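Next, two complexes with chain A in common: one pairs it with chain B, the other with chain C.
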Partner chain A sequence: MKLPLNLKKKMEPFFYLSPALIVMIILIAVPITMVILFSFFDNVIINKNPTFVGLANYYDVLTDPIFFTALKNTTFFVGISVLAHLILGIMFALLLNSKYIGKKTKALFRIIFILPWLFTEAIIAILWRLLLNPNGIVNYLLQIFNFLGTSIDWLGSIDLALVSVTIINIWSGYPFYMISLLAGLQGIPQELYEASSIDGANAMNQFFYITIPQLKPILLSLITLDLVWTIQQFTLIWMTTGGGPLHASETLSTYIYKQAFSSFQYSKAATTSVIVLLICIVLAIFYAKQQKGEGLK
Partner chain B sequence: MNKKKKTQRIKILTIVLLTGGSLWPAFPVFWMVLNSFKPNNEIFAWPPIWISENFSLESYFSIFTSPEKLRYFLNSYFICGVVVLLTLFISILASYAFSRFDFPGKKIINVMIISMQAIPPITLLIPYLSLIVTLRLYNTYGALILTYLLFTLPYAILIMTGYMNTLPKELDEAVRIDGGTRLNALWKVLVPSAVPGLISVGMYTFLRAWNEYLFALTLTKTREMRTVPVGISLLMGQHAYNWSEMLAMSVLGSLPVVILFLIFQKYFISGMTAGAVKS
Partner chain C sequence: MLGKRRFLVLLLMSIVIFGISVISLSEEITLEFQQWWEPELPEGVLREICDEFTAKTGINVELISNPYADTKVQIAAGAATGMMPDVVGLDGSWVYDFAKQGAIANLSELMVSSGYDDSQLSLQVQVEGNTYMIAVVNFAYPMYVNKDILKNAGIVEFPTTWSEFKSVAQKVTDPTSNIYAYALPLSSALPNGIQNQFMSWLWASGGKMLEDGKPNLIGNEKLIQGIELMKWLFEEELVTPGTYTMREPDMVEEFVNGRVAFMISSLAHLTLIKEGAPNMDVAITSIPKMDGYTGKSGICVANWGIGIASNSKHKEEAWRFIEYLMSPEVNAKLAVYANGFPGNTASEPDYSKKDKLFVDAYEIYQESYAINEFIGLPRSEDLMRIFLENFVLYLEGEFDSAETMLEEIQKEWLRIFGD
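Moving on, here comes the complex of A and B:
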C-alpha cells in the first residue's frame, strides 16, 4: 500500500522515534499501570485470581508503624544527604575553580574528588563495611586522636545505623554536584566579579550576590534530581545494614523490597511503590519545569 | 600586606584545603586497595597493619582462576556492551527526530522523556518482575538488557538531542540536496560529527549498566547469570567473609570504570553536565 505523500511526510519523525517510544511504552507505561492496579487488589502474583479490595492496601500500609519508621528515616536520610551533597559540592567546586592553582594540579585534584562517583554502590557498601567495622580503621583513627574511648559498631548500632548509612551516601553522591557546579562556575561572566570588586565587594558578598544567584537554575535542577535519586537509594542501605538493626535504618526502598521478597506481600509493596511514585511525580513536575525546553529549540 | 604576598597566601591556603579535602574521597579508596593485597587475618588487625610483610596477589589470582567469578565479569561486560550499542542506536534515531523535525506532540513527548528520569526504578520492580516473567525473559540477558535501556534512554535521548542541535542543519541538508536520503545524511554526516556526544552517552550508559544491582539481583536467579555487583554481594554471604577476595573483586570491578573515565573524562564531564543541568 502506498501512503499519500502528505501523510508519509507527517509520519516520518515517528519512524525515527518509534524504537524509543516502543521500549518506553512497554517498559514504563505498562509497569506503572500494573503497579497502580496491583495496589487495589489483594495479594497479587501469589494469588491466581486476585480480588479488588479498593483502598484496603493503602489502609494496611498507612497503619503500619514500620512504614512510618521508614518514612521518617527516609526523610532524615534524604534531607541530610542532599544538604551535605550541596555543601560539599559547592565547596569542592569553588576550590577546584580557584584561579590560584595550575591546570595540572587542578586536573589531578579533580580526579581525586570525583573518585567516589566512579564506584559501584555494591562496592561502596563493602568499602564502608571495611572502614566502619568495630575493628576497622575509622574506630582506630578516632581512638588514637582521642575522639572515642572504645570501638563502636557503627552499622550494627540502633542509634548510629541511620547516621552511618547517611554518611556513606554523602560520600558517594557529592561529586555529581561538584562537576555540574564546576561547569556552572565557568559559565559565570568574569566581568560580574570585576565590576563588583571595583564597587568594593568582598569574597563573601560576591559569593552570595553573584555566584549563588548565577548558579540558581543548576542548583535547583541538581537538588530535584538528587532528591529523587536519594529517595530510591537501595543498594547502599541493603548491603550495609539491610535496614536494620530493628528497622533503625529502614527506608521506603528497603521496606518495599522486604514486603515483596521477604514477606511476599506484593500488594503492600505495590501500594508503597505507588506512594513513593506520587512523591517523585511531584518532584518530577518540578524538574521538568526546570528543564523545560532543554533539547528543544 | 602587598598584593603578591596576599596572592601567595591564598594559593597556599587553597592547596592546603584541597589536600585536606581530598582525604575524604581518597582515603577510603586507598584503604580498600591496600587491604586487597593483605591476607585475610591482617585486614582487621588491631592496631591496623599499614605495610604488611605478607603482601600478596593471592586474592586476585583466586578470582582469575575461578570460572564462576570470571563469569560475573563476562556477564557484566556482555550486558553493558549490548546496552551501550542499543542505547546509542535508539537515541541517535530519536534525537534526529527531535532535532530536525517539527511534529505534533513533540513537546509533550519530550517532557515525558525528561520526567522519566524521575521515576524511581524500585517502584516499578514488582510489576516489572511479573512482566519479565510473562515475557519469558526471567533469568536471561534479555531481562537485564531491556531493563537497563529503560534507565539509560531518557538521558541518552536528551543529551543526543542537545548535541544534534549544535550541529548546523546545512551539514545534513547538503547531502539531501545531492540526492541522498535522510537516513543517509544521518549516518554518513551527522553521526560521525557527533562522536564526542556519542562517547559521553556511551560512557554514561556503561556506568549505569555496570553499576546496577537491584534489578540484576531480582531478575536473575542462577549463578551463571549474575553480574559483578551481585557477584560481590554473593561473596559477602559466603563462608565467614573472605574480605581479601571481596576487596580484590571490588578493585577489579571498579577498574574498567576508572580506566574508561580517565580516557574519556573530557567528553564525559562536558556531556554529563550538559544533560543534567541547563546552563
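Moving on, here comes the complex of A and C:
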C-alpha cells in the first residue's frame, strides 16, 4: 500500500529521527512511565501481583514527617548551593578575566580554581570526610589558631551536618559557573565598557548595567541546570553523612534511596521520585521557555 | 524446477540455520557469580578456585566483584528487574526480603533433587522452613585490644566484666592525645554498627533481643543495662568522636591509627590491621560480660552466604558450583584465606601458618556460641536503622529512659514484623 505523498513527506523527519527516538523511548520514556505506574500500586516488585491503590502512596509519602524534613533540607541545600555557586562563580570569573592580573598568574589561578570540578564526587566526599573529621585538619587548624577549644564533629553534628554538606557541594560545583561565565565575559564587546567609561560610569555601574545584562542568558541557563542537578545530588550526601544524624541532612535523594534499598518500599520510592520529577519538570519548562525566548531574540 | 537465485537463497538459509544450531549445541555454560568476597581475599584466590571448578566440570564462572555495600545495591536492583546473576553472595540480613520477593531460589528443593546431605552445613538461613542461603564462611566479631595504650595506662589485665571495662576505659582515655577507650560506628548510611558493635555486648552476656522469633525489647533487663553502659561511655566521653558518621571501616582506621584502645570487629580485618599497624601490640580477647553472668558467651558472626537467583537458567549448574564451594577441601581453603571459619563442619582448615591472634580468636570462637539475631529477619537493615536512630535520640537526651526508648523501637519493629 502506498502512503499519500503528503503523509509520506510528513513522516520523513520521524524516519530520520527514529534511531534517536527508539533510544530515548527505551532509556527514558519506558523507565519514567514504569516509575509513574509503580506509584499507583501497592508494594510493587516485592509483591508479584500488586493491586491498584490510587493516590494512597502519595497520601503516605505526603503525611510522612521525614519526607517533609527531607523536602525542607533539600530546599536549603539547593537554595544555598545555587546562590553560592552563582556568587563564587561570578567572583572567580571576574578575577580570571581581569586585566590587572598577569597571564601566568591567571593560568595558575585557573588550574587551582577548576580543581574541585575535576574530582569525582566519591573522591570529594572522602577528601572532605578526612578534612572535617574530629581529628582532621580543619579542627587542627582552628584549634592551633585558638578559634576552637575542642574538636567539632562537623558531619556528625545534628546542628552542623546539613551546613557542612552544603559547603562541600558549593566547593565542588562553583567551577562550572566560573568557566561558563568566563567564556561569557570574554564575549562581551569591550566597546561597551569604553563607551560607558566616557559617559562616567564607575566599575559598579558597569557591572550592574553591562556585565550582568550581557551574562543574563548564560546565568539563567546555569541556574536552571544547577537547580536540577543539585536537587538530584546523592553521592556527596550519602558518602559524607548518609542523610544523618537523625535525618539532619536527609534530602529527597537519600530518602528515596533508603525507601528503595533499605526498606524495599519500591512504591513509596517511586512516589517520591515522581514528586521530584514534577519539580524538575517545572524547572525544565522554565528552562525551555527561557531558551526559546533567547532564540527568538 | 528451482531457479538459480531461489536455490542460492535456500542454500544460504540452510548454512545459517546449521551454523546457529552448531553454535547453540556447543555453547558453553557460564555462571555469573556476584559477590564482595574477591576484593576481600588475597588477589587471585577466588579466581583460582573458580578455574579449578571449570577444569573439573567445564562450567565457566564469571566473577562480578564489588565492595560489600555496592554488591547489596546491585543485587537488590537485579532482584527488582529479574536480572540477578546466577549465583549471588548474600548476607544473612538480606535473605528474608529477597526470598519473599521471589528473587532467590529455594535451595531446599535443589538439595533434595541432587541428594545433598546438608547435615555438614554450619548455617542455613531459612524463610518459612525453606533454605535460601548457605553460609560459606563465618566471621567472628571478637574484641581487639591495643595493648600499647593499655601499657601506657599501667594496665596489664584485660577487662572481663562490664565494671572492669568501665574502670579500664576511664584510665586509658586521654582526649589530649586523642586516645579513647571504645569506638562505636553509628552512621545511618550503614547501620550495622547496631548489630556488630552494640548487640555484641548483649549477646556476650547471654542476652537476646528476640523471643520466639519476635522482638522482645520491652523490659529486657540485659538490653537495658547494655544501653545504659553505652550511654555512660558517651557521657564520660570515653567513645571516639565522630561516632554519628562513623562506619565500620572508619572505626578500623581509628584503631590502626592508635586512637582506640578497644574495638569489636570482624576477624576479616585482621590482615588489614596487621598491615596498617605492623608495630602495634595488638591482642584479641572476649567481649567483657555483664557483672554476675557466668554462662557461656555468644559471639556475633557475619557470613559470606551464597544463594541462587530465581531467574537463573542454570540452576543445576549453579547448585553444582555451590556444592563445590562447600566441599570440605575448597571450603577449608576459602576459610583460611578469608581469615574466617568454614561453613562446612567437616572442613579441616589448616590454621597452623596463621597469625597467633587468629588462633586466639579461634579459641574464643570455639568457647562461645555463634549468634546473630538479625539474620533472616524482615528488613533487617531497617530494623538496625530504627534502633540506631532511637539510640542516637536517647544519647541526645530525647528519651527520659532506656525503657521508653525500647518501647518506641519495639512499636516500630512490630510494624515491620507484621507487614
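Here is the rule we use: the second predicted complex is superposed on the first by the 273 of 297 C-alpha atoms of A that agree within 3 Å, B and C clash if a C-alpha of one lies under 4 Å from a C-alpha of the other, contacts with A are read in each partner's own complex, and residues count from 1 in each chain.
Just so we're on the same page, a residue touches a chain if its C-beta (ideal position, glycine included) is under 8 Å from a C-beta of that chain, and two chains touch if they have at least 3 such contacts.
Model, not experiment: these values are computed from the prediction.
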Q | Combined model on chain A where chain B meets chain C, clash or fit | A | clash
Q: In the three-chain superposition, say which chain, chain B or chain C, touches more residues of chain A.
A: B
Q: Check the residue A:G244 against both partner chains and state whether it touches chain B (first), chain C (second), both, or neither.
A: second
Q) Where does A:V35 make contact in the superposed view: on chain B (first), on chain C (second), on both, or on neither? A) first
Q) Does the superposition put A:Y266 against chain B (first), chain C (second), both, or neither? A) both
Q. With the two structures laid over each other on chain A, which partner does A:I25 touch: chain B (first), chain C (second), both, or neither?
A. neither
Q) Of the partners chain B and chain C, which touch A:C280 in the superposed model: first, second, both, neither? A) first
Q: Applying the touch criterion given at the start, work out whether A:N133 contacts chain B, chain C, both or neither, answering first, second, both or neither.
A: both
Q. A:L83 contacts which: chain B (first), chain C (second), both, neither?
A. neither
Q. Thinking of the overlay built on chain A, is A:L55 touched by chain B (first), by chain C (second), by both, or by neither?
A. neither
Q: Quick one: classify A:I212 as touching chain B (first), chain C (second), both or neither.
A: neither
Q.
Counting clashing C-alpha atoms after the superposition, which of 95-103, 149-157, 203-211 or 221-229 on chain B is the one that bumps into chain C?
A. 221-229
(Q) Taking the stated contact definition, name every residue in chain A that is touched by chain B in one complex and by chain C in the other, in rising order. (A) 45, 133, 135, 239, 260-261, 266
Q: Sort out for me which residues of chain A touch chain C in the complex.
A: 45-46, 48, 129, 133-135, 150-151, 153, 155-158, 161, 238-247, 258, 260-264, 266
Q. For chain C, which residues are in contact with chain A within the complex?
A. 72-73, 76, 79-80, 97, 100-102, 175, 178, 186-190, 241-246, 259, 379, 381-382, 385, 389, 392-393, 396
Q.
Can you tell me which positions in chain A touch chain B when the two form their complex?
A. 10, 12-14, 16-17, 19-21, 23-24, 27-28, 30-35, 38, 45, 88, 91-92, 95-96, 98, 100-101, 105, 109, 111-116, 118-123, 126-128, 130-131, 133, 135-137, 140, 171, 175-176, 179-180, 182-184, 187, 217-218, 221-222, 224-225, 228, 231-232, 234-235, 239, 253, 256-257, 260-261, 266, 269-270, 273-274, 276-277, 280-281, 283-285, 287-288, 290-297
Q. Can you name the residues of chain B that touch chain A in the complex?
A. 7, 10-11, 14-15, 17-18, 21-22, 24-26, 28-29, 31-32, 35, 43-48, 89-91, 93-94, 96-98, 101, 103, 106-107, 109-111, 113-131, 146-147, 149-150, 153-154, 157-158, 161-162, 165, 182, 207, 210-211, 213-214, 218, 228-230, 232-233, 236, 243, 246-247, 250, 253-254, 257-258, 261-262, 265, 269-270, 272-274, 276-279
